[in-house]
Amino acid sequence: MEIILSILTGLLFAAGLFLMLHKGMVKLILGIMMLSYATNLFIFIVARITRGLPAIIPRNQDVLANSFADPVSQALILTAIVIGFGIQAFAIVLIKRVYAATGTTNMDELNKTDNLE
Amino acid sequence: MRTVIFETAIKLLLPLFIAFSLFLLFRGHNSPGGGFIGGLLAAIGLFLRAMVFGTKNTIATYKIRPIGIIAIGLSVALVSILIPLFSGLPLMTGLWFDLTLPLIGKLGTPLMFDIGVYIVVIGVVLNITFILSNG
Amino acid sequence: MLLIILIGLIAAAVAATIHRIDNNRAGIWLSILPLGIFIWGIAHLNSVLLNNSIIEVYPWVDSICLSLTFMLDGLSLFFVLLVSGVGFFIFIYANSYLHNDPNKGKFLTYLSLFMTAMLGIVMSGNLLILFIFWELTSLSSYLLIGFYSAEEESRKSALMAMLVTVSGGLFMLAGIILLGIEAGTLELDQLLANPTLLLNNAKAPIIAVLIMIGALTKSAQFPFHFWLPNAMAAPAPVSAYLHSTTMVKAGVFLLARLSPVFVNVPIWQSVLVHIGGITMVFGALMALMNTDMKKVLAYTTISALGIMVLLLGIGTTISVQAAMVFLLAHALYKGTLFMVTGNVDHETGMRDLNLLSGLGKRMPYTFYAGALAALSMAGVIPFFGFVAKEILYGAAFDTPLVSGIVGVATFLTGVMFTALAFEFGYKIFMGMQAETPKHPHEAPFGMILGPIVLATFGLIGGIFSEQIAQPLLHQSSSVILNVDKVLQLGLWHGFTLIFALSLLTLLFGYGVFKVRQHIRAFSTKLSLSNLPGPEALYFKSIPALLQVAIKQTMFFQSGILRNYLTTIVLTLVSLIVAISIIGGDFSVIGLSKTIQVKWFEVVFIVLMIVGVVNTLTTTSRLTAIVSLGVVGYGTAAIFLYYGGPDVAMTQFLIETLTIVLFVLVLNRLPKFVDMDKRLSKRIAFPSVIFGATMSTILLWVLSQQMNSPLKDYYSQSSYLLAKGKNVVNVILVDFRGIDTLGEITVLGIAAIGIYALLKVKFSKS
Amino acid sequence: MQNVYLLSVLLIPLLTAITILFLWGKVVAQKIVGAISSILYLFAAIMLFNQALTSGMAIENVGNWPIGFGIVLVVDQLSAIFLMLCAILSVVAFWYGSSFIESKASLSIFLPVYFFLLFGLSGAFMAGDIFNLYVWFEVMLVSSFVLFTIGASRSQLEASLKYVTINVVSSALFLIGIGILYGLTGTLNMAMLGKLLPELQNQTLATVGASFFLISFGIKAAIFPLFFWLPATYHTAPIGFTALVVALLTKVGIYSLIRFFTIIYPLQGTPIQPILLVLAAFTMVVGVFGAAAQTDFRRILSFHIVSQIGYMIMGIAIYTPLAIAGALFFVVHNVLVKTNLFFIAGLVGKLFGTYKLKELGGIMQKLPFVAILFAISAFSLTGIPPLTGFWGKYLLAKGGFETGNTLITIVTAVSLGVSLLTLFSMTKIWNEAFWKPFPNICGDLEPSTNFRSILKAYPGMLVSIFVLTAIILVISFFPNSSIEWCMSAAENIINRDMYINGILQHN
């Protein structure tokens, strides 16, 4: 299963980058989102997955004994998801403003600030 | 969108949303849930109300100013992590009262911190959605 | 000596203020400074002549073992007197020269700064300190050459001088640093006391060459000479001071200063002799070809500097002594001639040797000074120039090196100098008075004082050379040679071969003066001056450099986000590949406890893949978003399935919210930018490589052993110590709560940012 | 009792930001709060600096969990230097910004976000945990996104979109790197990682993990070939908003590189070391060529940042105490000087309404004091002795030549050569904007301003430029203590055991 999931993660990375390399701004955002799925999955899997219980201590016990999922990676992913959301929301609004200001959604046309005069 | 059915439904649903979000917040320490998830749910509830009644109305009714909510949430979280300093303990050391309330569970600074998270999330989501849906 | 430097800096700082208070006499007030320093120098003469060098040490940057060391020995004192003595007259001269210039204050600031820096160079007791002042002279020279900054010519010349000298300085810095590493010290007294420090050191030749490049650029030696004629864009006092008598001699000073250290390095001598010799002849020839008085003087200066470098390179007792004597003689007559040229330019508005004549009547004092200086330059008895020429010829014909050639070359140079001396001392002042843009008058007192005194000194110094010049020059050459050999100056050494040569020089010189127009015409015919040289190289290389810069910038800074992202990804991938190959350890421990695949998992993952593919290929925006949602929810499901309910819930809610946001924004955007088949093919490559790399790394890491102490600790203490059973939540609000604080801050800032983007109406500023 | 100064440095910015949010709309009150707390912040940072210097590392074990299981905040000498720099900058940038920005709407966004940014910076410089560092990075980045877009002009928006995207990618790579390290060692604490990572069986894999950090931090620090976001972005937003970002963002990247490649993954002898050296050389050269090609005041300065980053990277890659000290000194020098140059550019832009060299001129005649201020910083940047740049250059060159290693010697020689080109492009600004007469292109009249009217209109801008210049001059002429601090910090960081044991044996 790890192999399949690893390949899936790689696929998500590839797809994310593919979308970001496109011309369209919307695709860019979609790519950013895809990239964040891929990253989260990567961290989730790299911390070793178990087909086991969540890291929640059962009602009548004080410690976790059996095999359980790694809570650390989950906490990291949670933080990363939320931060990612903040940035994605900002980016989504930003493309709205960029479109309003430039009249285009084609990333290739946004090269004014880099060009030599 | 603004029909009587929706309005009534929302009026009934909103308290439920809030109650459930609070439930998720408080149980978060022991079961899936927590401030973030709770906050999101509450915000979605308020957002639905705003979709039906309009954002201006909602802001007026509940005296909501999203940026203010964010500030409140952040200060709650900040205060919760500062409290242990007064006992000479490091920043953010968890301090607990020795009593357990029904539904809410144990009271302590980590819970207060989670409440701060809850409030910030509400503020943030409302801020974004209100602005966007307002155009 | 630190005090002198500090006073100098203060003088520079207040020069503008003095000018504001008393704009007529600011230069005269400031001339007190060099005068004081000159007197200070004379006061120390006796003790220095007794071979006592004075050393002052002030702690400065202890952490790198650098102290502010000053040293006053024969060589330093010689230069101190030269710099301050000439400086005194220059300040007075400049005061009149820039009489009504509103920027005189600025000029005097730069000039004081320069003088201080120059004194710093000659008094430094540590090579790094010397380097600091060295660069300051380049800087002040830049400001002074560009003084008429409204003119493009000035700005260009200033830049050229700065670039050439500073690049030389960089080589020198490298040399100094290496010297410090190899010799273990940069203190001059230690370096000079142990001439064997660099003996047999493999790096010694490199160090020697590096330091020489610094000195040779400063002293305008071939092929770095071209900045000096261009530097003539500066006002006349600058040319007289920096570009003939002092700053350009800093290189000569440095070579002299370090001679004892490098005397055992073979490359030192041969480089100096060759470069000096070439420069000497070349400079004199170029001088003969030009007619702009300042240019001519600049080239003769180059030639004279070449002579000094050559003499130092020869390195025999007499040649080093000759270098010092010639240096003094040159400073006296060349400073005068530059000021004379300044007067002529100032009063007539032109300075073409071909056109000027007959100014003697109108400008008698200037004529007097010019004639005296020219006589010294030609080496006529009993001027100091004659004394210098005698010893110069003596040294040149006495050298075992490349015997003959050096002597002949020196003789030829002497002949050309004499010819030019006729131009300056005779041609422009005698005969018919020429038409000039301005009606010539005698220059004001301030502008004739300096030339007259210096020129007269050239005469007195010649007659009484034994009494006046000999002791100090003897002492300074002894410092360079590290031995105490008697220097004997005098006018009369009997009818020797050298004396005959001196007379021949005058004769031939007059001959060349007579036929100079033919020589110039001949050179024009050959278009000698248009030959490709280092100057042309400089002028070609700057636009070429800019071209490269522009091409490179356009290449890297394309403005296309795609290129940027591709660069990042490909850099990452190639780095990883390179590292893996270099590291070469592909060991795999094996996936422990691999999870068996179940059929519904496969179905599920296939569903996600369909979602991915659909997102990539669809032309409808909504479909793309929904497909992406499928992938997102799929990810949430994976989290849930493998024991992460909190992550799953969060992912689920966030996914929903993002889609809502998207929809709110999207209806205001135009349609998708059309899919471009060729583009898709092009971007597929980096994408696939990236994905493959990530999969491989993930599997590679998974194949290793892992034991997480964190996981164990949290499972034990989450409830008992942190009172929570949901370990993930406990981590978020307690164990790693600071992360969460940062996380909600990010959310808050993003919210403010969105508010700012959409709600705030900014006034156009 | 906990470490008051450490906590103050961390929390004052957050507290201020929240207070300013509560005062939403009351700009004057917000400004006063900001001014007071930036001074307090500076004071706390000075005390903390002093503490780190005299009594060793300051450690705050957040949450009071055993080391490695919670998050520690650590201020060692390296952090202290950066925090101190950050504090000095935060004060002047605050004065500058609040005097520069005249629109009330802009100010009400600028003020809170400015302190959030400061919060992120403080946290980043004291994080003792690799994931925590990521979080602070994000706080900082989101703040910078907002600051870059205030005003929402076309070029700002255009540049920001790319800037955001590239940073998202960089953050993703950072996260992946964290994932790999966690997957290999099971810990996130820097000291523990530093202990476990070199003991790992498969060093190649550890290096692969490190390369993610190299790229991610490299993007932040703008090293070759990952620098392009910087020259595309820095010149778009008004300098008043972004001064602090411009000054410190790349330096956080440098800080992280130093921290990572000494404590966590010691660079010495690894395959990354020569790679980094070569990248450093390219960064210097490409950056300075970029600057030579530009004709806009701020763009030249932006490209210079890239070039100067190369020097710092070179210092890290040489990996001797002297070279790292040189890199640190270079950071100090560069932050002060570059910020001052940007400040001056901002002032010139404000007065003349343009940054294009073609349209500028005559400042030397008109405003000689601006010319002097510019000259001091510009010549310092080019390394004219004895200004700060010279000391940095000297330390680096000496550190490089001392090793005797061929590659290092070549790169060091390149670094000296680059300073000539730096000089070339600074004199370009000097020639065009200061020496050249005012061009009168569009019939614009030369703005008639003098010292007094500027002081009246923009006191904060002028004062901050003067203060920075004064600091630069003090460090130039009395470099001893600064160099000493940098050397001591470099020694400490290279002797990684001190850091690692200091933390692992805390309490």
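Chains here go by letter, A, B, C and D, matching the order in which they are written, and residues are numbered from 1 within each.
Here is the rule we go by: a contact is a pair of C-beta atoms (placed from the backbone, for glycine too) under 8 Å apart; a residue touches a chain by one contact, two chains touch by 3 or more.
Here the structure is a predicted model, which means the values were calculated and not measured.
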> From subunit D, which chain is the farthest off, judged by mean CA positions?
Replying inline: B
> Per-chain C-alpha centres versus the global one: which chain is nearest?
Replying inline: D
>> How many angstrom lie between the centres of subunit B and subunit C, each centre taken as the mean Cα position?
In response: 63
>> Rounded to a whole Å, what is the gap between the Cα centroids of subunit A and subunit D?
In response: 28
>> I'd like to verify one number: the distance from the centre of subunit A to the centre of subunit B, where each centre is the average of its C-alpha atoms, in whole angstrom.
In response: 25
> Approximately how many whole Å separate the CA-defined centres of subunit A and subunit C?
Replying inline: 50
> Which subunit D residues touch at least two other chains?
Replying inline: 14, 62-63, 73, 131, 135, 138, 142, 145-146, 149, 152, 161-162, 165, 169, 176, 180, 182-183, 188, 228, 231-232, 293-294
>> Could you pull out the residues of subunit A that touch at least 2 other chains?
In response: 20, 25, 28, 38, 42, 46-48, 54, 56-57, 72, 78-79, 82-83, 86-87, 89-90, 93-95, 97, 107, 110, 112-114, 116
> Can you list the subunit C residues in contact with two or more other chains?
Replying inline: 550, 553, 557, 559, 561, 565, 645-646, 650, 654, 657, 661, 665, 694, 701-702, 706, 708, 710-711, 714, 725-726, 732, 734-740, 743-755, 757-758
> Taking touching chains as linked, do they make an open path (line), a single closed cycle (ring), a hub with spokes (star), an all-linked set (complete), or other?
Replying inline: complete
> Which residues of subunit A touch subunit B in the complex?
Replying inline: 54, 56-57, 78, 82, 86, 89, 93
>> Show me the residue ranges of subunit B that touch subunit C in the complex, using the header's touch definition.
In response: 28-37, 40-41, 44, 66-67, 70, 73-74, 77-78, 81, 91-92, 94, 96, 106, 108, 110-111, 113-114, 116-117, 120-121, 123-125, 127-129, 131-133
> Any idea which subunit C residues touch subunit B in the complex?
Replying inline: 645-646, 649-650, 653-654, 657, 660-661, 664-665, 722-726, 729-730, 732-734, 737-738, 740-741, 744-745, 747-748, 750-752, 754-755, 758-759
> Can you name the residues of subunit B that touch subunit D in the complex?
Replying inline: 65, 67-68, 70-71, 74-75, 78, 82, 84-85, 88-94
> How about subunit C: which of its residues touch subunit A in the complex?
Replying inline: 550, 553-554, 557-562, 565-566, 569, 591, 593-597, 601-602, 605, 608-609, 612, 615-616, 621, 624-625, 628, 631-632, 635, 638-639, 641-647, 650-651, 654, 657-658, 661-662, 665-666, 668-670, 672-673, 676, 679-680, 683-684, 686-688, 690-696, 698-699, 701-702, 706, 708, 710-711, 714-716, 718-720, 725-728, 731-732, 735-736, 739-740, 743-744, 746-747, 749-751, 753-754, 757-758
